[in-house]
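Chain nomenclature is as follows: A, B, C and D, assigned in order of appearance, with residue numbering initiated at 1 for each chain independently.
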Amino acid sequence: MTSSAPTPTNPHHGNTTLGVAAIGYAFMGKAHSNAWRNVASFFDVPAFEQKVLVGRDPEQVAEAAARYGWAEYATDWRAVIARDDIHIVDICAPGWMHAEIAIAALEAGKHVLVEKPLANTLAEAEAMTEAARAARARGIQSMIGFNYRRVPALALARELITEGRLGTIRHVRAAYMQDWLSDAETPMTWRLRKETAGSGALGDIASHAIDQVLYLLGDTVTDVSGRLHTFVTERPGADGTEQVTVDDAAWATLTLASGAVASVEVSRMATGQKNSLQLEIYGDKGSLLFDLENLNELGFLDATLPVREQGFRRILVNEPEHPYAGAWWPQGHIIGWEHTFTHQIRDFLTAITTGTAPSPSFEEGLAVQKVLAAVEESANNKSTLTVVNY
Amino acid sequence: MTSSAPTPTNPHHGNTTLGVAAIGYAFMGKAHSNAWRNVASFFDVPAFEQKVLVGRDPEQVAEAAARYGWAEYATDWRAVIARDDIHIVDICAPGWMHAEIAIAALEAGKHVLVEKPLANTLAEAEAMTEAARAARARGIQSMIGFNYRRVPALALARELITEGRLGTIRHVRAAYMQDWLSDAETPMTWRLRKETAGSGALGDIASHAIDQVLYLLGDTVTDVSGRLHTFVTERPGADGTEQVTVDDAAWATLTLASGAVASVEVSRMATGQKNSLQLEIYGDKGSLLFDLENLNELGFLDATLPVREQGFRRILVNEPEHPYAGAWWPQGHIIGWEHTFTHQIRDFLTAITTGTAPSPSFEEGLAVQKVLAAVEESANNKSTLTVVNY
Amino acid sequence: MTSSAPTPTNPHHGNTTLGVAAIGYAFMGKAHSNAWRNVASFFDVPAFEQKVLVGRDPEQVAEAAARYGWAEYATDWRAVIARDDIHIVDICAPGWMHAEIAIAALEAGKHVLVEKPLANTLAEAEAMTEAARAARARGIQSMIGFNYRRVPALALARELITEGRLGTIRHVRAAYMQDWLSDAETPMTWRLRKETAGSGALGDIASHAIDQVLYLLGDTVTDVSGRLHTFVTERPGADGTEQVTVDDAAWATLTLASGAVASVEVSRMATGQKNSLQLEIYGDKGSLLFDLENLNELGFLDATLPVREQGFRRILVNEPEHPYAGAWWPQGHIIGWEHTFTHQIRDFLTAITTGTAPSPSFEEGLAVQKVLAAVEESANNKSTLTVVNY
Amino acid sequence: MTSSAPTPTNPHHGNTTLGVAAIGYAFMGKAHSNAWRNVASFFDVPAFEQKVLVGRDPEQVAEAAARYGWAEYATDWRAVIARDDIHIVDICAPGWMHAEIAIAALEAGKHVLVEKPLANTLAEAEAMTEAARAARARGIQSMIGFNYRRVPALALARELITEGRLGTIRHVRAAYMQDWLSDAETPMTWRLRKETAGSGALGDIASHAIDQVLYLLGDTVTDVSGRLHTFVTERPGADGTEQVTVDDAAWATLTLASGAVASVEVSRMATGQKNSLQLEIYGDKGSLLFDLENLNELGFLDATLPVREQGFRRILVNEPEHPYAGAWWPQGHIIGWEHTFTHQIRDFLTAITTGTAPSPSFEEGLAVQKVLAAVEESANNKSTLTVVNY
């Protein structure tokens, strides 16, 4: 007997197959496409279809659509948003395009997933948040892509904290260390110009670190002190040496409403650190350690055990008991970085079909933006102290 | 402008789109399907189609086919092999079925990928190897699925060894530690009965360890001394207590033609070790360390550097310079266990289109089987020495 | 034949055996005594004698003198300093006593080793530095006990940096994490009162972190931004609840004359971190990692190697080629924390006999004090930014 | 007030100050001397005196005695043993001298500590054990120097196992990896000749690994299967190339009376491993990991915790709650390799004064020797299986 494979149905949305459009096919577009292509193979999600991939260059987007599993490609995102068979818009375009697309899509009644950061300016972020709030009232969902919330180890960290296993949290450290600008001869890109990128390491990677602090602790920031620095101020450009106008590194301390204090430190010059988002969370009953370069592991110390047997445990977060992990492979068969996007799509789809607002919301994205803006303002206003006669 | 995504063509096989059938939809079927579904999104491979998934239970295989991206499902593998539109047969069925299916498929002119171990008996493995040899002469390719050869870190290890960076290799350690049988109340399964599984930890995981020794060193085994042990001899079965008739753990030392000596030690009772294939390779110019639970990393010590600065390096094998890694994500964005299968499919497809025999061949699979058989024979014949009066 | 063991002579000071007095027999007194007792068994040093241990409580100091290998004990440090047979005064008393003793000893013509911090106030530290400068002109040496400069791994780090192996250093991270105040019920001590301790984590452990930054980079601080925080503001005292008047944690960023930026973060509330002085130094040609809890190891990444084989090396700093290590045990036989004091005594004695000023000098101790004071001033003046409406 | 430090008294032996003689001043003599010199500074032990150091070369032993804190030196061990003021004989001479000295000392009524291995031959070891048994009946104590039993982390491991925290122990791995013979040009020494050294890696380091298996599990060996190998069979000698007549590496599996199986693997050719005694002990309720290169740490997994939070903990064994650790420094201030000898002397002295037989006894040393002999016999008799046609 040979037969066609059955089509899964969507019990929450009737028989509608959700049509998905993605905008952008570069790094993030590749990662999101991978998630759309695979999510239904591992998780029970409503029926959907990878309808159309949108991009500016027709040849390149055609090639990307074919490669990444999209049925069609398009170059005009407005036309795509207008289509009746598109229910979900996944925005992977650069930050300066987020506001326009997201607001238009929400107003057109499309569920919207947007990559972080929410926007390049606070004003845009606030407008987007307003649009999301209005859409939500009409049953239209929106979400910002802080995908690291879907690292199983960090979801487990969140569970442990929520259950009180860390007690009162006090000292928190968040660092995100990369080295791709370590070579002073690495040429200029749009990412190093303030007008296109908004900021440097701050918006790009401190945003992840700050979101983790807020997510894991379930807390809010009350005070910020920050600093920005550009180590390599000039780089080779297309037309000769060009000025770098964003930060290479950033430092901040955040006071949280709970009384905890978090340091945030990020760098693109940390030679040898490739993609190391490090988190350390110290409470009076326990502590947690994490490093994105070993994302299948969570370090946990339970300070309520007898002192004699206390120590940081390396929990390999691959058990059926762990968040998301049961859907993949048997214990000890580790997952990769891109799986966090698959989890994100799964949760986004689930939220759409159950009609519950997904998290992180645009409001949560805006909260991170506000902290970023405060770091920048603090850095600009800082009257640092000079150590004289030394 | 909105258009259909273009169909990729296969420059090596003319315009033929290769039709693929997979047999088996359990653990390995899921892993192989994932690889077929994704390989073309990351690698340049010839055009192929996931035609049909084959399994015994019509309902389950239908569900699996839909979930894993196969166009059709079927229950009769013979009928599928007979189809003209099927060019590749990927065998993920249990070991005792390998020989019959593989030989039939090869004789029908299909390229065959078969999961490890090659077969449950040496006789079957030899017959398969003979069939593969004959088929190869007719341009039909075959490959055994020792997927860990496609871990980028181990492919890099192979490169370094081949280039002589380790000098003369002497002491080699290979261990594969798991713990899923650590609980004595874990019930019987077919994997614990000799008649269905052939052997226990020996065939299941020592096979991977031994293949790595042979692959990395490019060497052959001359002498074997081995030991097998079953720690928990009875387990709860469907009809009361049942005898475990395979090994829980195995130990061996292998003498290699080069003069190196490799120890192999595997266990399903190593509480806390989930999927830890550990390799240690010591040469007079350098050494390598590896652990599958951190498969993105390779430990390398270069003993030709000044002593003052020698030490094991943790190479995060995610750079464009590393095998397979450039196809995925930027540096430091780690990949998961299942990506090794994607690399395997990529190499298999490349071999088919270039007409070069892929490795590991059935001969290489047979070589591992012979070592496994020698371990078992040695274990059975061992007259261990009794330490008296102690 | 049985004979008395020969007495070693001091080739640099004629036949004078240097008489040593130590002041203080608590934690630091125990560690310094251990160093004096053992240094001559491992290193070639001039002849000296552990003459007298000085303390306030006659019974306790008598017991300590016997236990730690001192020939005599005394309670009046002034009388001891006046003795002709005392050539070296080792000050292990609390910080508020440093200035008076050190200045008196230097004026009396004694070589002085003083524990860190140099003093509790900048004014005292400056007076001590002045006294040391004057004494040095008369051939009298002085040194401050930043013993971690004598960790072999950090001495090796210094060598590598000096040789240019890290290239231009930019991003530096220094943290010192402890947890002995994590329990809010831990009672008050003099260490938690500003009037006796001067400061909390800042003076106690940030001083070590800052000294390492200055030592390893051979650099000076130009600007400081800092923050202090007390997480547990009240603790049980002898007469009921008492206010904690020093910091539990401190954060700072230091701009260095070279253009590098160093963050410093210290805590006594980092549950599970026992004595973790962590250093990360990122240059454009290489990077270093260190953790005092694994003080025999140095992490080194050489960014001038081919990318394919770059990675942080774990150098086990126990080879004859490594600083200090040859005097101890064969390779891989690790040393402990207290050995750093033995190295310190060895270098101090060597400086005395060769007539060269030892490092770190009081000037170097003063430089650290100035940075600490700047952190405190910055923390007090900080107008942090409030993130509103969030 | 200045006074002489008081002399401690020995409450168990009346007012007798125990006189100690050590024989041998090379590597082990240095380590033992260090322990004698320091033990009373950290532990409460009976009064004793470092009377005399014995060696063959009068000049060298004189220098060593002065350097290591011995009051006298001597060249005739028989004369020293005959002295009334000597109560303890610490034998650090080479293995072939152990039997003669130990038996003579025991018969002379001296307490004896002897370095491992107990002797170079089983016959000598048995004679020594007999002498120790007879002496013990007369209140004379004896002990063999398996100092690694006094690593705090391993003493803690023993506690946890004794308390049943690991449940039923099954799979055990013990390896001791060094690399000091990795260079084929390293010249011949007496350690590489069977007539002087007895064996190679087997007796030197497998003895430690086997003792740990027996100690930690409190178990005995019933069956042994072993293998020996010499990778570099010729080395440069004083008079040209010379044959190496001992093993470079050894492998064994030991069946234990409890039903556990332990593998033992040792090597002097493991390039990059300096002094890595690795232990892995897997029970059905928990597991332990240890590496001598990080001897302050114990890895412990508690399999009775919820699966979600299981993981190997890094216990930093430096707390007052840990064996021996309270005597040294505050938490997190790590100790070194040589401290294990200090603990050994402390326990030996305690045993003498309390009149209880110390452990490990000569019987325990003999048990290890018997296992070593069985490994050698098994290796010689082994008929390995040839894997043909491969």
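The rule we apply is simple: a residue touches a chain if its C-beta (ideal position, glycine included) is under 8 Å from a C-beta of that chain, and two chains touch if they have at least 3 such contacts.
Here's who's who by UniProt: A, B, C, D = Gfo/Idh/MocA family oxidoreductase.
Please read these numbers as outputs of a predicted model, since none were measured by experiment.
**Student:** Between B-C and C-D, which chain pair shares more contacting C-beta pairs?
**Tutor:** C-D
**Student:** Need the most distant chain from subunit A, centre defined as the mean of C-alpha atoms.
**Tutor:** D
**Student:** With chain centres defined as C-alpha means, what is the inter-centre distance between subunit C and subunit D in Å?
**Tutor:** For subunit C versus subunit D, the centre distance works out to 35 Å.
**Student:** Between subunit B and subunit D, what's the gap in Å when you average each chain's C-alpha atoms?
**Tutor:** 42
**Student:** Centroid from C-alpha atoms only, then distance subunit B to subunit C, rounded to Å. What do you get?
**Tutor:** 54
**Student:** Going by the touch rule set out above, which residues of subunit B reach two or more other chains?
**Tutor:** 273, 301, 310-312, 316
**Student:** What does subunit C use to touch subunit A in their complex?
**Tutor:** For subunit C paired with subunit A, touching residues are 170-171, 173, 175, 179, 182-184, 220-227, 229, 231, 249, 251, 253, 255, 259, 261, 263, 265, 267, 269-273, 280, 282-287, 301, 303, 310-312, 367, 370-371, 374, 377-378, 381-382, 384-387, 390.
**Student:** In the complex, go through subunit A and note every residue touching subunit B.
**Tutor:** 1-8, 27, 31, 33-34, 37-38, 40-41, 52, 58, 62-63, 65-76, 79-80, 178, 180, 273-276, 292-296, 316, 318, 328-339
**Student:** What residues on subunit B touch subunit C, complex-wise?
**Tutor:** On the subunit B side, the touching residues are 156, 160, 298, 300-302, 306-316, 319, 321-322.
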